[in-house]
Each structure stands twice: as structure tokens, then as C-alpha cells.
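Below you'll find the structures, each written out as C-alpha cells.
Next come two complexes built around chain A: one with chain B, the other with chain C.
After this line comes the complex of A and B, so read on.
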């Protein structure tokens, strides 16, 4: 093991890296180090002791990992500046495997951790804080591009463009992360298949999570909270096939889930609470199942713009349901129609939202409910539940 | 004026109907709070009830009160008192007692459920302010109508129609206009139209507190800017104040000119 510190024999990191052999450990002891781009070409462990800080001298990239089996632990990275030409990042893994990036702090960097063609690695327990103000001038906190089998766990992310960005990333896991105040998405999937994300919190982002053009994504026990404002969603699903959405909690989002062209998605045991719209279906959705979800006090529970085709809605709990259960099987005896006439009108003329909760609107909603004319008759829960379903994610807040 | 106000106020609060009015709100608020412990949820339900009931009760009770105290007013007018002070005094007595029974009816149960320590306090205060303003505006309209029409049946008819108009018909026309002209930019029209209905103004003020997310989600930028900002709230408050001041001045003018 070789140690680097201000008063040591080796007092800069570059020399330290040159001296050690492959598979050895370089210990960086406290203090601040002004560095240019450091390229690591051998397998090694880089550990920070007493919170050392690596500051980018010219604003360029700080660490570039060009070897398998590299561990980076307990180091603070600072001040990688915005570039419109290069996607500079604090740590970049380039075409290598078996990396471990753990317990680091990355402050005020353009991109945080950039995984490029990387495989089988871990990004755990890092804190990544940016100060993004606009989408165009900021980068992603954790950016993965053409990766496979990576795990991203327990990270704290704030103030970037996307909290976590996946493009062409397969068979990976995103767990227990906290992504907040990002200008675009808390988590973003593009063209990524067979991934799982669970137990994450997405709070106050432009959009909580956007899943686009991906297959077989599993989403469990995530919290989507307070993603609101113009064109804000808790979760955006676009061209998604065969996904599972179980035990998630959506609270106070403008739109809980916005779905477009997604087929064979199972929505089960999720809670939608106090959202503007709980689920909004745009065109082209087939064979989705919505079952055992709780719809609690949303302004509008469901909006569909076309026929619902062979999508199935059953056994959900609706706080708006006014039916009864005479045979005590915990299922309502009359169907519930979640699409209100007013939500239909608002879809057509957005400005009419100012009439929300007025007596006139209540009256037309009621008359529509009694004898549906405009709203599609087949969008109904024929066996609505009378009891609220338990959902672990409800306690996450 | 103050003496007449005092007399009319104490006359009103001894009225059986005032107690029934207060009792109704006591009961409704208590039951709602018992059904759901979520204060915000109760406030939403109360908003629905209040925006329908306070205008209705205000306008009906106002007309009724004016007609029943007509003789008393005529008697007062034979005394060396200015017409202004007589009408203002009688009207304020009515408005104050209506607002008082409403505020008490809603606040007492809320106190027991700790609204003053909950996060919904500001929304609740907005709701109270809104209900008071609606009571004031609609009892004013009632006085205007009752002074205008000698005939009681006619007066009541017009009063009920006024309530129907602001409560339901106006929003219907509003919505129809929006649907007919949906191809055009509608933000300015929407904002202007809300100004001419006190019920809409009051409702939007509450909704802005409650459901800003849904409100803002899909409307155009102008509407969002206007309604979402502090300026919007201030403008709505100003408009509501105008809605109380202008009819009050009108009422006094009408009363001054009226030939008894």
C-alpha cells in the first residue's frame, strides 16, 4: 500500500499511481489536491482517508478508469465545469468491468459518474450534488451508456439534469436511491431492457421517472412525490412492453403516471394519492392490467383518450366509489366509472380547469355518471374493492 | 348608524334561523371531521357545501329580512336619521350575524380537531374568509333586489334566479364559451370571465391553496403565470373586495333615491 499526503514522501496522486503495482492500494490522506485529468490504467484500489478532495484544475474530467477491477472509495470530487463539446465527468469508466465506486462525494460537477460500455460494476452510497438550473447547461449525476449488469444502490442525488440516466443498459439494478430536485428526470431509461428499480425516492423533479422504449422493466416500491408543475409526471411510460409496476406510491404529482403506447404492463397494488391526474392514458395502449391499486383523493383518477381496447381494470379501491357491498365479499356490487365527464372536457379544453369543483361541473359529472353518453362505457371497474390495500411504500415518506 | 347596526345585529342573533344555520354548519363540520380525520379533505368537502349554501342562504335570508323589517325601516326613516345610516346599519347587522353564525359553526368543531396547529391552517382561513365574503356579497345583492322590487313574490323570484345564475348558469355559459372557442387562445377570456362571478373567484382562491398541481398542469402559460403567482391571488382578492364595495355603494344610492 502506498500513501499520498501533503507531507508524505509522495505528495501528489500522479506519482503515487506510477509507483504502485497492479492490484495494490493507493491511500489518499486528507487535504485538497488540484488535479488535471488522471487516467488509471491498472487494476487498483483508491481509498480516501480523512476526506481528501480532488479539485479539477482546469474544469476537465478528474478520473478516467481504463482497467478492470478498480475501486474508488471515500473521495470528494469537485468543480468539473460545463462543456458543450465533451461530456466531462468526475469519474468515468470506459469499456471496463468489475468496478466499485463507493461512498464518494461529487460536488458541483457537470456529469457525476459516467459509465461508458462498462459491465458488472457497482455504484454505491455516493452523494452527488449539482446546481443545475437549466436542462441545456447541466449533465446527469449517474450516466450509464451501453452497460450491462451494473448495480446502483443507496446514492443521494440532487440538482442535475437527470438523476440517473440509462441508455442501452441491460440487466441492471437501481435500488434505494434518493433523487431530488433534478431539472429533467429523477431516473431515465432509454432503450434499456430487463432492468429493475426498487425502493427509490423521486422527489420534486421535473419528471420523477421516465421509462422510454424499454422492455421488461420492473418497478417496485418506489416513491414518486411532489413532481408537479407544468408537464410534470410522477412516471412517464412511453413505448414500454411487459413491465411490472408493483407497490409504488404516487403522491402529489400533477400526473401520477402518463402512459403512451405501452403494452402488457401490470399495475398492481400501487397507491395514487392526491395527484391531479392519477393515470392518464394516451393512445395505443393494449393488454394492460390495473388491479388492486388504491386511488385516494385524486382530482381525477383516470383519463383515457380512446377506447381502452383489451386493457383490464378490476379490484381497485377508489375513494370516489359510492356503491355498496350487500354480500360482504369486500367487492362493490355495482361498477365504478372512473372517467368523469369533466376530465374529458379538460382534456379537450385545458382552460376549463378553472371550473373545477364548481356546482355546474358537479351536476354534469353526476348526470354523466347516471347515464354515460360522452365517456366510454367500457372503462369501468366492475368489481371495485371496498377495502384499501396495504402498500409498504406508503410509509416511505 | 352604529346604534341601528347594534339593534339589527342583536335582533338577528336572537333569530331562531340563525341558530339553525349555525347548528347546520356545526353538525356538518363535526360529521365530516368524524368521517375523515384529514383536515384537508374536510376543507374540500366544506368548500363544496359553502360555495353553494352561503350564497343561497345569504340571498334568501337577506330578501326575507328586508321585507320583514320594511316597516321598521320606514319607521326609522321618519326620524331625523340619514337614509345612509339606516340602510347601512340594518344591512351590516344582517351581514355580521350571518357571517358570525357561519364562522362559529365551522370553526368550533375544527378547533377540537386542532386545525390551528395543522398545516392546513392557511387553507382553512382562506375558506373562512371566502365564506364571509360570499355571505356579504349575496346579502348585499338581496338588499339590492328587495329595495328594487316592492312585490315580495317578484323579489324572491329574482333572488332565487340570481343565485341560480351565479351558482350554476354562469358556469354553464362559461364552459360553453370555452368549448365553442376552443380553437382560439382562451387564457384572457378565462381570466376575465372569472372576475364577473364572486362564487368563481372565491372557489379559485381556495383551489389555488389546495390543488395547485392539477390546476397548473395543463393550462397555458398565461393562466399558469396569472393564477400561480402572488399577483393572481392579490388580483382575486381585489376583485372580491370590489364585489363587496360596488354593490354596497349601489345599495346606498338606490336606498337614497327610493320613493317610499
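After this line comes the complex of A and C, so read on.
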């Protein structure tokens, strides 16, 4: 092991890296270092003790990993500036395998951790704080591009464009992260297949999570909270096939889930609480299954713009359900129609939202309920549940 | 008093007239939503915009989102077709007179590696020795951009 510190024999990181052999450990003991474009070309472990800080000299990249089996642990990275030409990042992994990036702090950087054609690595327990506002340009906190079998666990992310960004990333796991106040998405999938994300918290982002053009994504026990604004959703599903959404909690979002062109998606045991719209379907959604969800006090539970072909809605709990259960089987005896006439009107004429909660709207909703003309009769829950389902993610907040 | 009235009349006419003109407006980054893919428009190097002959404005997060929409409805329906100059973020330029670059070294929001430049010279300069090619607007409309499925 070689040690680098201000009063040590070796007092700069570049010399330290030259000195050590492959598979050895370099320990940085405290201090602040002005560095730039450091390239690590051998398998090694780089550990920080007493919070050493690497500050980018002129705003360019700090660390590039160009070998397999590298560990980076316990180091603070600072001040990689915005560039329109290069996607500069604090730590970059380029075409390598078996990396571990753990317990680091990345403050005020354009991109945080940039994984490029990387495989089989871990990004665990990092804290990444950006300074994105709606005016300033900012990159993504954790950016993965053409990766395979990576794991992103227990990170704290704030104030970037996307908290975690996956483009062409397959068979990977995102678990237990906290993504907050990002200008675009808390988590973003593009063209990525066979990924799982679970037990994450997405709070106060432009959009909580966007899953786009991907197949076989599994989403379990996530919290989508307060993604609020003009074009905000808790979750955006666009061109998604064969996904599973189980035990998630959506609370206080403008739109809980916005779905466009998604087939064979199972929505099971999720809780939708106090959202503007719980689920909004917009065109081309087939063979979806919505079952055992809790719809609690949403302004509108379900909006469909076209016929929902062979989609199945059953056994959900609706706080708006006004039916009865005479045979005590915990299932309502008359069907529940979650699509209101007013939600139809709002879909076509968004401005009509000002009439919300007025007597006029109550009257048209009631008359439509008595004799349905506009709302699709097949969008109904024929066996609504009388009891609220248990959902572990409800306790996450 | 009569003069004041005249000024008021003039002001009203200007206001009413300006409400009728069709012209492109700036994209409100991190607020506006892409008309095609529903993403929030956030990368100020790639935003694009269509203005119909009637003045309705559609905003896009990438050129590859704009082109299919344009091809679907026909270019005749649009008065302005605007893309962002890669070298001057947030600046909209006329797409029909722009040069386009497709190069793997510059990823764009929807995965087409497509960026726009004001002139052929600046496009050539940006491409430099990198792998990729330059296209005119007409080439681009024929190009197969988006092949998910």
C-alpha cells in the first residue's frame, strides 16, 4: 500500500499512481488536490481517508478508469463545469468490467458518474449533489450508456438533469436510491431491457421515473411523491412491453402514471393517493391488467382517450365506490365505472378544469352515471374490492 | 385627450395584430414537453419546433422527434421548421437551410446521434476527423431515423 498526503513522501496523486503496482492500494489521507484528467490504467484500489477532496483544476474531467477491477472509495470530487461539446464527468468508466465506486461524494459536477460500455460493476452509497435549476444546463448524476449487468444501490442524488439515466443498459438493478429535485427525471430508461428497479424514492422531480422504449422492466416497491407541475408525472410509460408494476406508492403527483403505447403491463397492489390523475392512458394500450390496487382520494382515478382493448380491470379498491356488499365476500355487488364524463371533457378541453368540483360537473357526472352515453361501458371494475390492500411501500414516506 | 385616445387605438391595433402573427417562440427548457415522445425538453443543444400555417406551435426535444411528425403531416402544413444550432444552444434556426451531422461522438436525446449546424463550414468543423457524415435537410427527411420496434 502506498499513502498520499500533504506531508507524506509522495504528496500528489499522479506520482502515487505511477509508483504503485497493479492490484495494489493507494490511500489518500486527507487534504485537497487540484487535479484533472487522471487516467488509471491498472487494476487497483483507491481509498480516501479523512475526506480527501479532488477539485477539477479548470473544470475538465477528474478521473477516468481504463482497467478492469478498480475500486474507488471514500473520496470527494468537486467542480467539473458544464460543457456543450463534451459530456464531462467526475468519474468515468470506459469499456471496462468489475468496477466498484463506493461511498464517494460528488459535488457541483456536470455529470457525476459516467459509465460507458461498462459491465458487471457496482455504484454504491454515493452522494451526488448538483446545482441544476431550470435555467442552468446540467448533466446526469449517474449516466449509463451501453452497459450490462451493473448495480446502482443506496445512492443519494439531488439537483441534476436526470438522477439516474440508462440508455441501452440491460440486465441491471437499481435499488434503494433516493433521487430528489432533478430537473427532468429521477430515473430514466431509454432502449433498455430486462432491468429491475426497487425500493427507490423519487421525490419532487420534473418527472419521477420515465421508462421509454424498453422491454421487460420490473418496478417494485418504489415511492413516487410530489412530482408536481405542468408536464409532471410520477411515472411515464412510453412504448413499454411486458413490464411489472407491483407494490409502488404514488402520492401527490399531477399524474400518477401516464401511459402511451404500452402493452402487456401488469399493475398490481399499487397505491394511488391524492393524485390529480391516478392513471392516464393515451392511445394504443393493449392487454394490460390492473388489479388489487388502491385508488384513494384522487381527483380522477382513470382516464382513457380511446377504447381500452382487452385490458382487464378487477378487484381494485376505489375510495369513490358507492356500491354495497350484501353477500359479505369483500367484493362489491355492482360494478364501478372509474372513467367520469368530466375526465373525458378535460382530456379534450384542458381549460375546462376550472369547472372542477362545481355543481354543474356533479350534475353531468351523475347523469352520465345513470345513463352512460360517452364513457366506455367496458372500462369497469365488475368486482371492486371493499377492503384496502396492504402495501409495504405505503410506509416509505 | 383626443391624442391620448389615438395612442390607445394604435396600441390596441398593435396588440391585436401581434396576436395574429405566426412566428416561432423560444423553447422553455425543463418546462416544455416534447409533442412526440412526451419527454421534458431539457438539452438546449437539440430542441426543435414546428409552427403550422395557422400558428399552432409544436415543440420537440430532438430533431429525430420532429422529422417523423413532419413527414406524417406533410411539410406544406408548416410555416416554420426550426432546429437548434448546436454551436449556439437555445438559438433556433431554419431547418431547411441547416446542415445536419450524424456522428456517434455526439449522442442526441432520442438516440439518433443527430445535431444541426448553421452552415456547411461549421458542420465540417464540428465533424473534423470523427466518424460520421453530414446531411442536407432533404437528405435528412429521407433518412430512416427512428427504428424502434
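Structure notes:
In this section, the second predicted complex is superposed on the first by the 394 of 397 C-alpha atoms of A that agree within 3 Å, B and C clash if a C-alpha of one lies under 4 Å from a C-alpha of the other, contacts with A are read in each partner's own complex, and residues count from 1 in each chain.
Please note the rule applied: a contact is a pair of C-beta atoms (placed from the backbone, for glycine too) under 8 Å apart; a residue touches a chain by one contact, two chains touch by 3 or more.
Owing to the predicted nature of the structure, the values given are computational and were not obtained by experimental measurement.
Steric overlap between chain B and chain C is absent once the structures are superposed on chain A; the two fit side by side. Shared-chain residue A:348: touches chain B; no touch with chain C. Measuring from the middle, so to speak, at the Cα centre of chain A, the directions to chain B and chain C differ by 80 degrees in steps of 10. In the superposed pair of complexes, A:314 makes contact with neither chain B nor chain C.
Legend: residue contacts after superposition of the two complexes on their common chain; A:84 is shown touching chain C, with no touch to chain B. In the superposition on chain A, contact of A:212 is made with chain C only, not with chain B. Comparing chain B with chain C, the partner in contact with more residues of chain A is B.
Of the two partner chains, neither chain B nor chain C is touched by A:146. In the superposed model, A:184 lies in contact with chain C only, and not with chain B.
When both complexes are overlaid on chain A, the residue A:228 reaches chain B alone and has no touch with chain C. Nowhere in the superposition do the C-alpha atoms of chain B and chain C come closer than 10 Å.
Residues 229-231 of chain A contact both chain B in one complex and chain C in the other. Listed in rising order, the residues of chain C touching chain A in the complex are 29-33, 37-40, 42-45, 86-87, 89, 107, 110-111, 148.
Of all the residues in chain A, the ones that touch chain B in their complex are 228-232, 252-255, 275-277, 297, 299-300, 345-346, 348-363. Put simply, chain A touches chain C in their complex at residues 84, 87, 134-135, 137, 145, 161, 167, 183-185, 190-191, 206-207, 210, 212-213, 229-231, 236, 238-239, 258, 260.
In the complex of the two chains, the chain B residues touching chain A come out as 41, 44, 47-48, 51-52, 167-169, 171-172, 174-175, 178-179, 182, 186-187, 189-190, 194, 199-200, 203-204, 207, 211-221, 223-224, 227.
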